[in-house]
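Residue numbering begins at 1 within each chain, and the chains themselves are lettered A, B, C, D, E, F, G and H in the order written.
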Amino acid sequence: MNPETILDSFASGKISREEAVSLLKRSSGFEDLGFARLDHSRKHRRNGIETVFCAGKTKEQLVVICQRFRDAGSGMFGTRASQEQYEFVRAQIPDICYDPVSKVLSLPSPNQEPAIGCVAVCTGGTADIPVAEEAAQTAEFFGAKVTRCFDVGVAGIHRLFACLDDIRQANAVIAVAGMEGALGSVVSGLVSAPVIAVPTSVGYGASFGGIAPLLSMLNSCAEGMSVVNIDNGFGAGYLAAQINRLACKGKTSL
Amino acid sequence: MNPETILDSFASGKISREEAVSLLKRSSGFEDLGFARLDHSRKHRRNGIETVFCAGKTKEQLVVICQRFRDAGSGMFGTRASQEQYEFVRAQIPDICYDPVSKVLSLPSPNQEPAIGCVAVCTGGTADIPVAEEAAQTAEFFGAKVTRCFDVGVAGIHRLFACLDDIRQANAVIAVAGMEGALGSVVSGLVSAPVIAVPTSVGYGASFGGIAPLLSMLNSCAEGMSVVNIDNGFGAGYLAAQINRLACKGKTSL
Amino acid sequence: MNPETILDSFASGKISREEAVSLLKRSSGFEDLGFARLDHSRKHRRNGIETVFCAGKTKEQLVVICQRFRDAGSGMFGTRASQEQYEFVRAQIPDICYDPVSKVLSLPSPNQEPAIGCVAVCTGGTADIPVAEEAAQTAEFFGAKVTRCFDVGVAGIHRLFACLDDIRQANAVIAVAGMEGALGSVVSGLVSAPVIAVPTSVGYGASFGGIAPLLSMLNSCAEGMSVVNIDNGFGAGYLAAQINRLACKGKTSL
Amino acid sequence: MNPETILDSFASGKISREEAVSLLKRSSGFEDLGFARLDHSRKHRRNGIETVFCAGKTKEQLVVICQRFRDAGSGMFGTRASQEQYEFVRAQIPDICYDPVSKVLSLPSPNQEPAIGCVAVCTGGTADIPVAEEAAQTAEFFGAKVTRCFDVGVAGIHRLFACLDDIRQANAVIAVAGMEGALGSVVSGLVSAPVIAVPTSVGYGASFGGIAPLLSMLNSCAEGMSVVNIDNGFGAGYLAAQINRLACKGKTSL
Amino acid sequence: MNPETILDSFASGKISREEAVSLLKRSSGFEDLGFARLDHSRKHRRNGIETVFCAGKTKEQLVVICQRFRDAGSGMFGTRASQEQYEFVRAQIPDICYDPVSKVLSLPSPNQEPAIGCVAVCTGGTADIPVAEEAAQTAEFFGAKVTRCFDVGVAGIHRLFACLDDIRQANAVIAVAGMEGALGSVVSGLVSAPVIAVPTSVGYGASFGGIAPLLSMLNSCAEGMSVVNIDNGFGAGYLAAQINRLACKGKTSL
Amino acid sequence: MNPETILDSFASGKISREEAVSLLKRSSGFEDLGFARLDHSRKHRRNGIETVFCAGKTKEQLVVICQRFRDAGSGMFGTRASQEQYEFVRAQIPDICYDPVSKVLSLPSPNQEPAIGCVAVCTGGTADIPVAEEAAQTAEFFGAKVTRCFDVGVAGIHRLFACLDDIRQANAVIAVAGMEGALGSVVSGLVSAPVIAVPTSVGYGASFGGIAPLLSMLNSCAEGMSVVNIDNGFGAGYLAAQINRLACKGKTSL
Amino acid sequence: MNPETILDSFASGKISREEAVSLLKRSSGFEDLGFARLDHSRKHRRNGIETVFCAGKTKEQLVVICQRFRDAGSGMFGTRASQEQYEFVRAQIPDICYDPVSKVLSLPSPNQEPAIGCVAVCTGGTADIPVAEEAAQTAEFFGAKVTRCFDVGVAGIHRLFACLDDIRQANAVIAVAGMEGALGSVVSGLVSAPVIAVPTSVGYGASFGGIAPLLSMLNSCAEGMSVVNIDNGFGAGYLAAQINRLACKGKTSL
Amino acid sequence: MNPETILDSFASGKISREEAVSLLKRSSGFEDLGFARLDHSRKHRRNGIETVFCAGKTKEQLVVICQRFRDAGSGMFGTRASQEQYEFVRAQIPDICYDPVSKVLSLPSPNQEPAIGCVAVCTGGTADIPVAEEAAQTAEFFGAKVTRCFDVGVAGIHRLFACLDDIRQANAVIAVAGMEGALGSVVSGLVSAPVIAVPTSVGYGASFGGIAPLLSMLNSCAEGMSVVNIDNGFGAGYLAAQINRLACKGKTSL
C-alpha cells in the first residue's frame, strides 16, 4: 500500500490510527525470503525486470529467486552465474536462458518492449570480450540496440578509426579495456556521446588485477567519461541503457 | 580544411597531389602555441566553448590562452585557477570571471544558449561544496539548469528524503561525497536517472585522500551509477550536461 | 596459585623464599601442550568458555585441544573450522557441534546461562550471511539473544526501514556488508545503540578483498560505530555480547 | 511533526490529504542553512548535544552554526577546530570554550547531567595525547567519568601493569597508539571490558600515516576489541560514552 | 686462484701477463651449471655449508645441485622444498633429510661442529610454527643451540612471562608472529639481546598476507629489534646464528 | 590502399568523391575476425612477423589466428601459450613450434633474415629463467644474436664479474631479476649499452608478486636503464632487438 | 623494591599481606610525569643511558624530561630533535649537546665507558648521510667504535670494493640507502658480519617515500641481513651496538 | 692505475707484491670528498661528462663538486637544482648554466662533440613540459639533436598525428605524460623506433602522484616501449641519447 491508500483507509475508519502508523512505516515493497529480500518496488522504475548477482548465492537460493520472479510474471536478469548454477536452475525452470561467455542467466520479460536507439560497446582486445558481452547483453535486456566493435585497442589505433562512423551513431559508448586502459580516453576524445569506461582484469604483473586500467580511466584528460568497477560490464550496460532511453524518449524512468 | 574540401581542391587542380596528401595528413583543427595546442576542432562538438585545466600552467601561459579564445570569439571555461592566476589574467582581460569557491575561471560565450532541463547536485557534507560547485557551474556553463541539494549525507538520511522530490526531477544526478562516500549508493537506489558519483578528498586518516569514497562508489551495489576521479567536479558536471542535453534534445552533440 | 596463596604458603613456611619468588613469576594460569598454551585463566573472565581459531591448526592438534577443554569441564567455541576438521574431531568427540554456514565448531558449556538482552545482526546482502552467522552464533554462545535482519543493503533502503523497529530493540547492532559497505553508516545514523561494523570480502574488482567496505566503515560520518577486521564475524559477535551483558547486568565480566 | 500528530491533524480535518502526504514525507527534523542542514532530530537521541566537524568549514559558517545551537538552547561539541576558528567564533560568542591540545570547541549544554560510570583512556606514548584528549573530552561531554593513563606503551610493559587496577574499573577502555599499535591487543587481553582502539598517525616511515597501527589493531588476536579511524579520538570517546551509559543505566538512548 | 697466487705465478713466469690479467678478472670461486652458478666461495665464510632456495627449481635441477654439493664433500641446506621434490631427490640421494613442517631439505656437513650458545625462537600462535621451525632448524644447522617457546602471543601475555627466564638466556631472540605482530615489540622491551622479528602470513582480511605484522614490527617502539621478510624463517635463523657465534667466539666468520 | 593511390584513383575518375572519402577514412590495414582484428599493417614495420598474446584466448580463436598468419605467408610469434593450447593448435598446424620453458608458440617466417649483433640476457637466479627465455627467444625471433648469462645475482656478485666481458659485447642488455631486483642497477653501472630491466614475480612475502623488484628497478641510481612490466620478457626482448638493429643497421624499421 | 625485598619485608612483619600484594603488583621501575612515564628500569639493561624520541613532544615536555635524567645522574640520548627544541632546552640545560645533521640531542653519561670493537656505517649516496649519522652517533653513544664509509652505492660499485677491507673489520655493518636500496644486498653478499639495512626516504616518484628500498631490502637474496624502519638510523645504530658488544664481551646486557 | 700497469710495475720490481695486491684491490677510479665519491672512471664511458643529482645536497657540497669537475677539465650535468643552489654556485663559478624550467645546472664540456641523429620528445600536456625539458636537455647534453612536440595528448589525438612525420624521423622517442599516461602506448603503436615513456606526477586525486600513468605505461599493449621513474626526465634523456648514438655510430660507448 502506498501512503495515499493508507491515509484513505484510516480516514474511512477501515484501519485504526495504530495500524495506519505501522503501515506507513512498513509500506516496504519487497518480499522477504529469509536469506534475501526481493525488491519488487524496483520493478516500477525498471521496466518490469529484476537483476540478481548470482555469484555467492547457493544453487538452491537461486532457484527460489528465479521461481518467485517467474511466478510474479516479471523477467529476471542475473549476472556472474556459473555453468553449474545454470544447469541446476534449468532442471527446475526449463525456459531459463544462459550465455557462457558473459555468464548471463535470464528470463525474458513477457512484455519486453522493442529495442531502441543505439549503444556502442568497444573492447581493447579479444580477452576483454566476456566483460563486453555482459555489458552488451545488459544494455539489450534493458531495451537498447547494441553495436559491437571489438579488438580496437590503441596499439593499432587505425582499427578504431575504421569503426568511428558506427560508434558515433550511438547515444552512449562503452569502452572496455584492460592493460593500460587507454581506449576510454582515446574514444572519449573522438565522440560527443557520454562514454562509460570499464576497466578489466585482463593483463598481468603491474596490471594488479585491473588497478592499472582503473586508474588510467579515472585520470582521463578527455571530458565526458565516467568509470565503473573493474570487470563490471553489467553496471556499464545498465547505465548506457538508461542514457539511451533518455536520448530516445526524454525523461522517463527505465 | 576537411577531407571533402581538400579533395575538391585537388580535383580542380588548385592544389597538387603532394599538397593534397600533406593537407589530408595535417587537417588538424588545432592551433600551436608552442607550449600548448589549442583544440579548436573540439569547438564544433561542444557548443563553442573550450575548457582549460589551469593548475600547472604559468600565469603568462594562461593569459595567452585566454586571449586566443577571446580573439577567436568563443567563450572559455577554466578549472582549478588560483586567486593569483585570476588576478594576473584580469589585469589583461578585464571581463574574465572567477568564483573563489569552485576556482572556476571563465569567459561567457557570446552566443550562449538558454539553460534547459535539470541536473541535481547533492553533497554529503558542507566541506564537499567546493567540488560540488565546480560540478554545478560546469553543468550550467554547458547549458543545464542545476538544482543544488547540499549536506544530505547518510548519517542523517532524513535530510536526503526531504530533497527527493527535487532530485527526482533531474535528468542526471551528481552525488558528491567524501569520507565513506555512501551518498552515491543511497541516491542511486532512490532515483531512476543516471547518477554520477564524485568522491572527494574530504576526510582524514583512512580516507587516504579520497581513496575510501572512491572505492566505496566503485563498489556500489546500486545500478545506474558511475564514478569520476577524486575531486573531479568538472568531469561530473560536463557529463551530466551531456546526458541532460540528450534527454532534452535527443541525439545532438554537446 | 594466585599471589595471595603463594604469600600465605611462604609466610607459613610451607615454601621457601626462592620457591615463592619463582612461583610468583610463574603463576601463569595456562596449560602447555607444546604446540599451544591453553589459556585457562581466561575462563574466569569469559563465562567458562574458551575460543579457538581452527584455521591453520592440524586435525590432530584440534582433537587434543577439544579433549582438554571437555576434560576440564568447560565448553569450547571454535571458528573457521573446515568440514574435514569437524569430521575428524567428531570421530573422537561425538558430541561436538558444527554449523557449515558459519564454520563454527563448538562444545556447549555444561553450565550455560539463559540468553539475555538483544543483539541485532544485519547484512547488506545474501552473500554476507556466512559472516553474519558467525557473528550471530558467537553472540548467542556468549549469552545474548540475537535478532537477524538479512539483505537490507542500501540499494533498496526501504527494506532496512521495515526492520528498524526490531533493530532499535537491540543493545548492540552488528552491520555486516561487503561491496561499498554503506550499511554501517546508514544504520548508525538511525539507531542509538553502539554499532559494530564488519566489512566482508564479498564483491569483486575494486573491492580488493574487502578493502573498500573496510575503508568505507572506518570513515563513517555517523557517530557510535566501530569496525572489526574483514570477515571477522566472531570479533563482532563477541564484542556485541560484552556490550549486551553490560546493558543487562551492568559492570560484570563476560 | 511526527507521524502520529500528522495523522490526527488529517483525521480532524485540520489538514488536507495532500498536506498530510506532503508532511509525512517531509517531517524531517532538520534546519537548512543552505551550506548545512542542522540535524536537530539527533538531539532526542543524544542528550541535547550536537557535534560539529569544524575542519573544512569557513569561520563564517562556524559562527552561524554555533549561534543556531546556542539560540536553540542546546549545547554544541565541535572537533578539529583551529586556534584561528576559535578566536573568530569567540569574538561573536564569548562563552565558547576551546582546548588547544584536543582542538575541541564546545558550548556546555545548559542542562548537562552529572558524569557517571568510568571510561579509561590509555596511550602508548606522549605524542598520542592530543588524540587521547579528544577521546577523553568527548566521553566527558557525553556524560562519562574518565580515567587517563598515558604513556604506557608496550616497549616498557611494566608501566601498563601498574595502571591495570584503574583500567579494570572502567566500563569501556580506549587504547590510543601509533607506531606498531600493540597497546590495544595487550590491553584487550588483560581486561574484560570492551576495548576501542584508536590508531594514530604518530610515527614515521613505514607507519604510513597510521596504516601500521590501524592494520595491527584490526588484526588483533585478542577478543573484545574494535577499531575506529586513524586519529579519530572523537569516535572512540562517543562510543565509549554510549557503552558506559548502557552499563550504568541499561538500555537508554545516549 | 686468489690474487696472491696469480701474482706469484706471473712473477715466476709460469703464466703470461695476459693470462694473469684474465685470471685476475675471473678468479670467480663458483661453478657454472648453466641454470645455476654454485657459489663455492661462500663456503669459506659459512662453515662449509651451502644454502639453496628450492621453490622455483625443477626436481631435476635440485638433484644436480645436491649431487654437486655432496660430491664436493660439503653439506647442503635447502629451504621451501616440497614433499614431491624431496621424494624425487631421495631416489637419487638416499641420505637426504627432510622435515615436512619446516620444509627444510638438508645434507649434514661431514665436519659439523658441536652446537654452542643459545638462540630463542618464540611464536605468537600455533599456526606460526612452520615458519618458526624453519628459523630454528636453520639456526641449529649453522651451529646454535635453540630454545623453542611457542604460542606465547600478546592476547594472553602471562604465557610469555612464564618463558622469560629461558628467553633471557639467549644471545639472540627470534619472534615469529602473524596477525597484529605485537610479539616482537613486547619481547624486545623485556630482553637485552637483539631481537629478530619475523612477520608471518598467518591471519586473514586486513592482515593482507602478512603486511599487518610486517608494518607493526617495522614500527616497533622498542629498541634492539630488526625485521626480515614475511615468512622468512631462514633469514632470521641464519642471522641469529651469526650473532650467537659472535657472542660465543667473538669476531669470526660464520 | 595508401592515400596516394586513393587520390590517383579519384583524380582519374575510377572512384567517386564519396568513395575516395570513405576509402581515405578506412585505409585500415587490418583484418577483422569478429573477435580480433589482425594488424597486418604492423607487418611492414616489423620484419614480416606478427605477435600474439595467447593467454585469455580460446583454443579455437588461436587456431584461426595461426591459420590466417600462415595463409598470409608470414610468420607468427605467440607468448604465454599453454601446453594445452599448443597441443590443440598442433593438431591443426603441425609445423607450429613450442617451448615449454618460455611458453613461446611460433611459426618461423619463411624469409627470416640471419641474426645480427648481440643482445645479452642476464638473470639474478635460476627461477627467473622462464622470463629470461621469453626475452631471449623474442630477441632471437626478431633478428638478434643472444648471449645468455644466468644466475649472476648480487648475493654473489663475483659471478657477474666473470661474465662482464661477454655482457659488454652486447648492443643491449636485459637484466631479469625478482626478489630485490638489484641486478639491473649493478649491471647498468658496469656497462655502456642500454639496459632493459625486467622485474619478475619470483619471491614471496614482501615481494608482493614483483612489486619489490619493480620499484627497485624504477628507482635505480644508475643511468641508462629502463623498465618493462613484471614478467614481461617479451617486451624486453622486442625492445632489445629494436636497439640491436639500430646499432647494426642504423635507422631502419624493425 | 624488587620482589625479594618485598617478600622479606612481609616475612618480617614490616608490611601487611595486602601491602605486599600491592607492592608486588606495582614494583614498576618508572617515574610518572603525567604526560610521560620515564622508564628508569631500562637503565639497568642499557648502560645507564635513556633514549627519547623528541619529535611530537613539546619543548616544555622535553625540558622536564632532560632535567629528570640529568638529576638522576644518567645520560640521555634523544633523536629527531629540531633546532628549535635544542635552543629551548639549552636555555635551561647549557651542557646539552646537539648535532644538526643527525638531529641528535644528548647528555653524555657521567660514567661513559670507552668505545670498543667496530661498527661500519655505509651509505649509497650523499643524501643518505643524515640517517647514517643518526645511526653512527647512536652506535657511538652506546659504546661502539664506528667506521664511516659514505657514497658507495651500486651505480659505481668499485667505490664499495675500495672500502671492503675496512668494512670487513666490523662486528656489525649498517647499510643505509634510498632509491633502489641495493647496497644492503651487495654488502651482505661480501661480508660475514650481520648487516642491518636502513631504507631511506631519499628519492622521488616511485620511491614512494622509502617503500622501494624497504621492499628491496626485505627481499634480499643475501643471507645475514635484517631491516629496520625507513630512516630509522637510531634503531640500526642501537642494534649494531648490541651486536658489537656481544662480539667484544660475550653475553652481557647493553 | 689499471691492472696491466700494476702488473708491469710489479714485474719490474717497482712495487712489492703487497703493494701490487693492494693496488689491484684499490684501482678504484674515483675521488673521495668525504661526503661523496666522484666517479671519474665513468668519464671514459660517458663522453667526458659527469652527472649530479643536486636535490638533497647542501649548497656547500654542490660548490665543491662543481669545482672538482671544472678543475678536472670535464663538464658537469646536474639535475633538480634549485634556484637557490644555482645562485650560490654561480657566486663561486660564474660560468655555471641554469635552466629554471628543467632545473638543469650544467657546465659545458670543453670538448663537446657536435649533436647527431634525432631524439623526439613529446608531452601529453603543457604541465608536463618541465619533465620533458629535463629529458630534452639531457639528450642534447649527451650529444643528440632533439625535436620537441608538446601538448599532443590523446584527448585530441589529431594533434599527435600532425606531428607524426617529425616523430618518425627520430632514433628514439620520449613520451612524457601524466594523468592517464596513454600517450606512450599510442605513440608506440605508430612509430618503429624505441619509445621511452616517462610518467609524470601531473594530475590529482587517483593519479596518486604519478602511479596512474606509471601503471598505464608499464601495462602498455604496444611493443617497443619501456618506462623510467615518475618525473625522471633525466633517465629518459640519457637512455635516448645512448640509443641515438648506437643508431648513428653503431656500437660505441657513450
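Details
Here is the rule we go by: contacts are C-beta pairs under 8 Å (C-beta built on N, C-alpha and C of every residue); 3 or more make two chains touch, one makes a residue touch a chain.
The structure displayed is predicted, hence computed values, not measured ones.
Listed candidates were D-E, B-F or E-G; the one reproducing the A-B interface, defined as more than half of contact pairs identical by residue number, is E-G. One finds 49 Å separating the Cα centroids of subunit B and subunit C. Centre-to-centre, using mean CA coordinates, subunit A is 58 Å away from subunit G.
Centroids built from CA atoms put subunit C at 38 Å from subunit A.
Each of the following residues of subunit E touches two or more other chains: 25, 53, 125, 155-156, 205-207, 211, 214, 218-219, 221, 223, 229-230. Pairwise, the chains that touch each other are A-B, A-C, A-D, A-F, A-H, B-C, B-D, B-F, B-H, C-D, C-E, C-G, D-E, D-G, E-F, E-G, E-H, F-G, F-H, G-H. Residue ranges on subunit B touching subunit D, taken from their complex, read 125-127, 129, 150-152, 155-156, 158-159, 161-162, 164-165, 202, 204-207. The touching residues of subunit B, counted against subunit A in their complex, run 45-46, 51, 53, 117, 171, 192-194, 196, 214, 218-219, 221, 223-230, 234-236, 238-239, 242-243, 246-248, 250-251, 253-254. Subunit B contributes residues 3-4, 7-8, 10-11, 17, 20-21, 24-25 to its touches with subunit F in the complex. By the touch criterion given at the top, residues 124-125, 153-157, 178-182, 185-186, 188-190, 203, 205-208, 211-213, 215-223 of subunit H touch subunit A in their complex. Across the complex, subunit E is touched by residues 25-26, 28-30, 34-37, 39, 41-42, 53, 55-57, 61, 199, 201, 209-211, 214, 229-232 of subunit C.
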